[in-house]
Amino acid sequence: MSTVKPPADLEADSRVKAVFDDIRATRRSDFINNMWLYLAFDPALLESTWREVKAVMAAPSELDPLVKEMLYIAVSVTNGCGYCVHSHTAAAKAKGMTAGQHAELLSIIALAGKTNQLATALQVPVDSAFDADRG
Amino acid sequence: MSTVKPPADLEADSRVKAVFDDIRATRRSDFINNMWLYLAFDPALLESTWREVKAVMAAPSELDPLVKEMLYIAVSVTNGCGYCVHSHTAAAKAKGMTAGQHAELLSIIALAGKTNQLATALQVPVDSAFDADRG
Amino acid sequence: MSTVKPPADLEADSRVKAVFDDIRATRRSDFINNMWLYLAFDPALLESTWREVKAVMAAPSELDPLVKEMLYIAVSVTNGCGYCVHSHTAAAKAKGMTAGQHAELLSIIALAGKTNQLATALQVPVDSAFDADRG
Amino acid sequence: MSTVKPPADLEADSRVKAVFDDIRATRRSDFINNMWLYLAFDPALLESTWREVKAVMAAPSELDPLVKEMLYIAVSVTNGCGYCVHSHTAAAKAKGMTAGQHAELLSIIALAGKTNQLATALQVPVDSAFDADRG
Amino acid sequence: MSTVKPPADLEADSRVKAVFDDIRATRRSDFINNMWLYLAFDPALLESTWREVKAVMAAPSELDPLVKEMLYIAVSVTNGCGYCVHSHTAAAKAKGMTAGQHAELLSIIALAGKTNQLATALQVPVDSAFDADRG
Amino acid sequence: MSTVKPPADLEADSRVKAVFDDIRATRRSDFINNMWLYLAFDPALLESTWREVKAVMAAPSELDPLVKEMLYIAVSVTNGCGYCVHSHTAAAKAKGMTAGQHAELLSIIALAGKTNQLATALQVPVDSAFDADRG
């Protein structure tokens, strides 16, 4: 079930086809996951979303590609986005995440969820030592 | 402003003192940030929280200590925990996070926040290829 | 799957029947969606919830009915409520939301999700110019 | 700082005055906390909000008044609403919450925050035994 | 669908078996719900999670066992964790939660969700009377 | 307090100056709010963020500019982003939002927050009539 219906012949639209071709080339795989099929209901939104995902996630960067997927998982879990948790966990495994790293990732995400609750419940005042903007 | 008041003479309680001593030894620093001062309103909660933070964040692990702080930041930002964002950003900088890495981290957190919204708004069905439990 | 079971003969309860009749009359449709069927496990909760939904969403107001549905979608997406995203997207389409408006709506929701993350990650201080309560 | 400015002479408006009088009578206290002062920018919103708070929180009920405040705290912490965490923690203390109960409450809220993250990260399938609607 | 696959013969691992035996003994039931089956992909994470759940939820405490389940539900609903809402609602019913108490619980959770939104939208300043840390 | 420190002489950086000039021209105002000052710690992140905000919020579109600000407020409130609630409420007022419209907006946001909680607590199954992807 979804809130939009992807067009029957997606790649008949040249803008959609161009994005899908770039996804396949960038990932070196023929598989296009559902996120992109459904975003294709609006070619402009598909284009801008893919452009940003490619720039942030697929371009050379200081952070390691696997670390980037793990960060994506951390946000997606916290936002409760089931689709995103699935797609980025699969991506992290494809980039080499071991079962041990997965378990560590979950331990950190779970601990942060816990101490976030404690700090909010206590309304702990921010230490002035943490202010980057002082002085 | 906070919802509890730390005791006037925190380290008069031997359980509190033991935790604070361990924090100082583990971090090689005399600074105890407010989170621990306020958690000290209940020594048992202070002990169990610190024990878990130490086990997950300070013990040897597969993930790099800086990566672990970045994951903590990602969850804390998404949960909107201001205190935690401050404390873990300070910790990440202390562990060597550069301004460039900080900006990359923010780009990923922001992009994930955005695509989480899109996937939820579209109610994208999960691809069967993502199911780890099949077969 | 759900956490309560609607009674077998819902409209045997006169309070449930009165609410369902009012839903049908207000919406000029025989269709009662699952939200109301399941809320009927507690007639008082059904009554108070419908009364408020009717007062806020169906009464004459300054805001356009379609705008109101879009606002409902924005909150529901951000809260990750799949049921609500589905029901209010269907309602918005029934009130005339075009595919182009849907895509614009998603662009705004996604952008807000993104910049919310950035502002929280930076812990940007609120400009005094924004304070409605000053002076 | 706030996004609206309460009128200078709040109780000059008879609808506002009536709500404030009822708050004082219900709570047996002259203190009106800021939530109500700021909601008074729109008397109709003030009236409907107070009516519901009074019906749910102040009327006789199966759940104990202190338990109800604790539930309110649990939601408010999870939503990250600092104002609400403060006001309902103060209310819970006024209704007798001890420091020990406060610590237990925080332990449960924190644990739930943690296991919510784990279940979402694992995308654990719901056991059919939990479905109230089957059969 | 899930992001990990539980091992085929779970209880062949002595650490997993020990946790499962303790779950069965603590709950006086042979039923092990999916949360634990999937957590078993990492025995150490299974052990530490169960140890904490047992300590917080199953040990003698000031708060009533049913109240504790209700608090768990409140957090889980607010975090949008469907699995957790299901498992803890079933647990609350097993501990005696009546339909009337369930409806009251939902009324409070819903009201808190509503007034959290109002307080955040208004950015209501915290009353100094609520500060536990003053003076 | 913030997690980064804006450079002392922001507009000495030609990329920052170009963005700030465009903000001033687009908004026809000399006022640059803090969000942009702090984002300037990384000129590339400042550029990409402003480019997207301008494209989504300031370009001609089907949705009314005031409606777009209200949608932004709805997301920001639900995410608990205080800075964003302040800045977009100020923007909505600058675009003509009346006190009456503000109160209606809050009523819808609050109601959605409430019924989101109810639907999640009940785990209401999605009606097949809502599926845009069927048939």
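Each chain carries a letter (A, B, C, D, E and F) given by its place in the written order, and its residues are counted from 1.
The rule we apply is simple: a residue touches a chain if its C-beta (ideal position, glycine included) is under 8 Å from a C-beta of that chain, and two chains touch if they have at least 3 such contacts.
Remember, it's a predicted structure, so these values are computed and weren't measured experimentally.
A.B. asks: When you check each chain against chain B and chain E, which touch both of them?
C.D. replies: Intersection of chain B and chain E contact lists gives A, C, D, F.
A.B. asks: Among the chains here, which has the CA centroid at the largest distance from chain B's centroid?
C.D. replies: Max centre-to-centre separation from chain B belongs to C.
A.B. asks: Same or different for chain C and chain D, where same means more than half of the interface numbers show up on both copies?
C.D. replies: same
A.B. asks: Would you mind pulling out the distance in Å between where the CA atoms of chain A average out and where those of chain D do?
C.D. replies: 33
A.B. asks: Could you tell me the distance, in whole angstrom, between the mean C-alpha positions of chain A and chain F?
C.D. replies: 21
A.B. asks: Roughly how far is chain A from chain E, going centre to centre by Cα mean, in whole Å?
C.D. replies: So the centre of chain A lies 27 Å away from the centre of chain E.
A.B. asks: What positions in chain B touch 2 or more of the other chains?
C.D. replies: 1-4, 45, 48-49, 52, 75, 77-82, 85-86, 89-90, 100, 105-107, 109-118, 120-123, 125-126, 130-133
A.B. asks: Okay, in this complex, where on chain D does chain E touch?
C.D. replies: Result: residues 1-4, 31, 33-35, 38-39, 45, 49, 52-53, 56-57, 61-63, 67-68, 70-72, 74-79, 81-84, 86-87, 89-90, 98, 100-101, 104-105, 107-109, 111-116, 118-127, 129-132 of chain D touch chain E.
A.B. asks: If we count contacts the way the header does, which residues on chain D are in touch with chain A in the complex?
C.D. replies: 73, 77-78, 80, 82, 85-86, 89, 105-106, 109-118, 120-123
A.B. asks: Can you tell me which positions in chain F touch chain B when the two form their complex?
C.D. replies: For this pair, the touching residues of chain F are 1, 3-4, 41-42, 44-45, 48-49, 75, 79-81, 133.
A.B. asks: In their shared complex, at which residues does chain C touch chain A?
C.D. replies: 80, 85-86, 89-90, 99-100, 102-103, 106-107, 110, 117, 125
A.B. asks: Which residues of chain E touch chain B in their complex?
C.D. replies: Counting only chain E, the residues touching chain B are 1-6, 48, 52, 55, 126, 128, 130-134.
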